[in-house]
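You will see chain A twice below: alongside chain B first, and alongside chain C after that.
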Partner chain A sequence: MERSNSWRQFKAILRKDLVMELRTKEMVTSMGLYALLTMVVYQIALAEAGDTFDVRLVMPGLIWVAFIFMSMLGLNRSFVHEKDQGCMDALLLSPVDRPVIFFAKFAGNLLFLMVVELLSLPVFSFLFLQGRAGIGNPIWLLGVVLLGASIGISGVGTLLATMTVNTKGKDVMLSVLFVPLMYPLLRAAVGATFAAVIGGPGTVQTFWLFMAWVAGFDVIMVLVAYGLYEFVVGV
Partner chain B sequence: MKRNLLAEIMLGLGGLLTSAAFFMTFFWAAPSSYPDGRVDFAQKIFYFHVPVAEASFLVFIFTAFYGIKFLTTRERIYDTKARIATEVTLFFVLLTMATGILWTKVEWGVWWQWEPRLTTYFILTLLVIAYFVLRNSVEDEEKRAVYASAFGILAFIDAPISFFITRWLNSIHPVVFGAGNSSGLEPPMLITFIIAQVGMLMLGYAFYQLRLREEELKERLEALKIEIGD
Partner chain C sequence: MEETARNGLAVETRELTRSFGVRKALNNITFELPEGAFLSIFGPNGAGKTTLVKVLTTLLNPSSGTARVSGYDVVNDAVELRHHIGLISHNPLLYPDLTAEENLLFFAEMYGLKDPKGRVNKLLADVELDHRRLDVTGTFSRGMLQRLSIARALLHKPDVLFLDEPYSGLDPHAMDILDGLIAQIRGEHTFVMISHDLDKGLELCSHALILASGKVVLFEERQNIDVRTFRETYRATVGTGVA
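Showing the complex of A and B:
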């Protein structure tokens, strides 16, 4: 009985975020636009590299830089709304368990992040990889990294954004706290993406090794974030 | 009162031991040498760099420990303790960074190298600094304490990663202890190191206690001011 109740609350909060997003399309648009702008900046960065330069060598780093900054934009947005419209206060007043709030916000952020990531990857390959060597390993491996790393990003991000939305320099504060904490995860995500993109003998094994690292980070960090959320929310 | 005296004893003893270790480093412990027989004078920094680095990891444990204590009890003193532990951590972290960079320049020929230990330790430095940036950006006192505790706990996760990473991955950073059966240090070297390490930990304890005492006095002063003001 209790479990189904939590499940209903979880669905209600998630549905609220989805409905709001579908009506305003604010998060996906701003995150997507941000990703697109990053691509323009990448063109500048690669402008003098020449046609023979293998973009695949730097591609994993480039896409994860874009995704981490994009995710911060979305995370910050997601909680500014809750705060400005008094939604968080209403949630805290209603008899909803705090962990349910955490998992619902986490799921919403994960979903939006994944959507924009999946939209911007083809754009990246359209802009930078045309007429060059393709992806070396089966493409679904990229999907695995995207999901694995996005879980960690959204989990820790949900906790940190809940805190930073109440600080003076909201978005700046989020990046100061978020980027160093995410270092181990991003490093592994770039390693796995590189193995997936380059291909060749032994790279699938390297890929799964890095994925084990990503998974370990996800488990530890999401558990800690879940444990701390109850204390952080609503002080 | 008893604790205060202990802090002073530790301060004196720690100062004595670290100073003694400093002289032992140069006059007693034999210099190590490269495989080709040349004297490796830069190795002397080992007797300072490693003790401060170990101290930084050990003191950082208290940030997380008092963070958890604060969140479970909500007593303000634990937040103050966590903050002061982080201050002492920052002090040791900066010393570790400074001495480490000097050593890498001499030994590796560059000031900085993105290798696993240096990278994770750099991240640790950023996290410790971020802890204070976070504190400064929250005005409400209870929020500040809760957020800082939560972040301190999250940030601490990097400490064991940084400590053990040279043992997990291929790292060019030397591993003196725990890599194989013996440390390869001759008795005078080992004794000098142990004295430096123990002295440094005593200093760490003393800094922590004395800062805590200062903070408590400050709070009492503030309370008295308010009392007189009324």
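Showing the complex of A and C:
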């Protein structure tokens, strides 16, 4: 009797999601377009602020509002494929431990989210920071906060998207559950991003304080999502 | 079969009940199906046929009672049991954005097949889809999807094959092809098929079961069934509000 192997199954699900996304570009396109349009709207909103206005003061909040709503679009799309033609049933019929499905979908969502976030930042910088004061601290700190917050967004989002994909009005349902749960992470991510962008004495320490908050959220929420996933897809 | 108590039975249920809120979709279902049998399950819409198959294929947990398939308990041995069952549904259960080959290779990986490529090549040839292996299945006709769905369900050589209205939506030619495929593999598996078509179901089966309102109205070997009496029982079940 041939036996399945969790690592092989994880790779197969992740590879399948990557192939489908590369072929359809549904998630990345919808998220990227949303991010771009949001930034255009931000630019219009800040058009009358004048040259003396320091955009860096509001930049962290603007970025994370865009990323949170953008991620909901992508998370919804990530399970529509599984719902089509009963594919989720076929996946659940195979001898795969449910947490393997969770971690594979989580990894895929994290990857797509990070790609769009990393592509969005230069656009944001081009639209808002040209000719103004730059990032106050080393730019890699922004990468750290992007990764940390995206782990939490993808972990919780993957669980909630699985829960809501079979519900009527899944888009609304996901938002209603997702945004309140994201509040602590969003607050910490904005704080860390602010510290990274503004720079100056003590901001690096503040940054790592907020990142500890982000990391704590990630560990707790990903473990909770992992623990609940079997129940959510089961029964 | 290793470490299981099959006792020559492919499916064994004892007072199997599944509730959704206060409604009992399955109500004390008890029957035994021997290995190699072909069970046709009949019943009106809402009788509990699909719920029964979902419980037997581990997609739903029972609320009470027990069920064993291929010797494995559907709750306690679910992961192991999934190596031994396959499902062909009216839904193809295939990813429309993957090619035929990619779909089968993906599921071959999920089942941990040792030679996934070789098995996929053989099955694509068996279902006569070799020439469309590199086409995404979103472009396939209903009949082609159903043939590929059969290949997917047979990848891991399951002991018990569940068919949930497999003829639904097929044109006569596709039905003939499906008949031929089932005839080819008839001796290698136990079959459990949901059908609304009494003629087709009775033609194929060795055992028949009528479900209504989640209860077993009739469970009988085909050789003991008088078709006229069976039809009357079925009509009475559907028509008198039992269902």
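Annotations
Just so we're on the same page, the second predicted complex is superposed on the first by the 228 of 235 C-alpha atoms of A that agree within 3 Å, B and C clash if a C-alpha of one lies under 4 Å from a C-alpha of the other, contacts with A are read in each partner's own complex, and residues count from 1 in each chain.
By definition in this document, a residue touches a chain if its C-beta (ideal position, glycine included) is under 8 Å from a C-beta of that chain, and two chains touch if they have at least 3 such contacts.
Bear in mind the structure is a predicted one, so any value in this text is a computation, not a measurement.
Using the contact criterion defined above for the overlaid structures, shared-chain residue A:V96 touches chain C, although it does not reach chain B.
With both structures placed on the common chain, the touch criterion links A:R8 to chain C but leaves chain B unconnected. Applying the stated contact rule after C-alpha superposition, one finds that A:V232 touches chain B and leaves chain C untouched.
Counted by residues of chain A touched, the larger count belongs to C, out of chain B and chain C. By the touch criterion defined above, A:T167 reaches chain B but does not reach chain C. In the overlay built on the shared chain, the residue A:L181 is in contact with chain B alone; chain C does not reach it. In the overlay built on the shared chain, the residue A:T24 is in contact with chain C alone; chain B does not reach it.
For the contact definition in use here, the residues of chain A common to its chain B contact set and its chain C contact set are 235. Residue ranges of chain A in contact with chain C, taken from their complex: 1-5, 8-9, 11-13, 15-16, 19-20, 23-24, 81, 84-87, 89-97, 234-235. By the touch rule above, chain B contacts chain A in their complex via residues 71, 119-120, 123, 126-127, 130, 133-134, 137-140, 142-143, 146-147, 149-151, 153-155, 157-158, 161. Listed in rising order, the residues of chain A touching chain B in the complex are 156, 159-160, 163, 166-169, 173, 176-177, 179-181, 183-184, 220-221, 224-225, 228, 231-232, 235.
By the touch criterion given at the top, residues 2, 57-61, 79-80, 82-83, 85-87, 89, 91-98, 102, 106-107, 109-114, 136, 152, 156 of chain C touch chain A in their complex.
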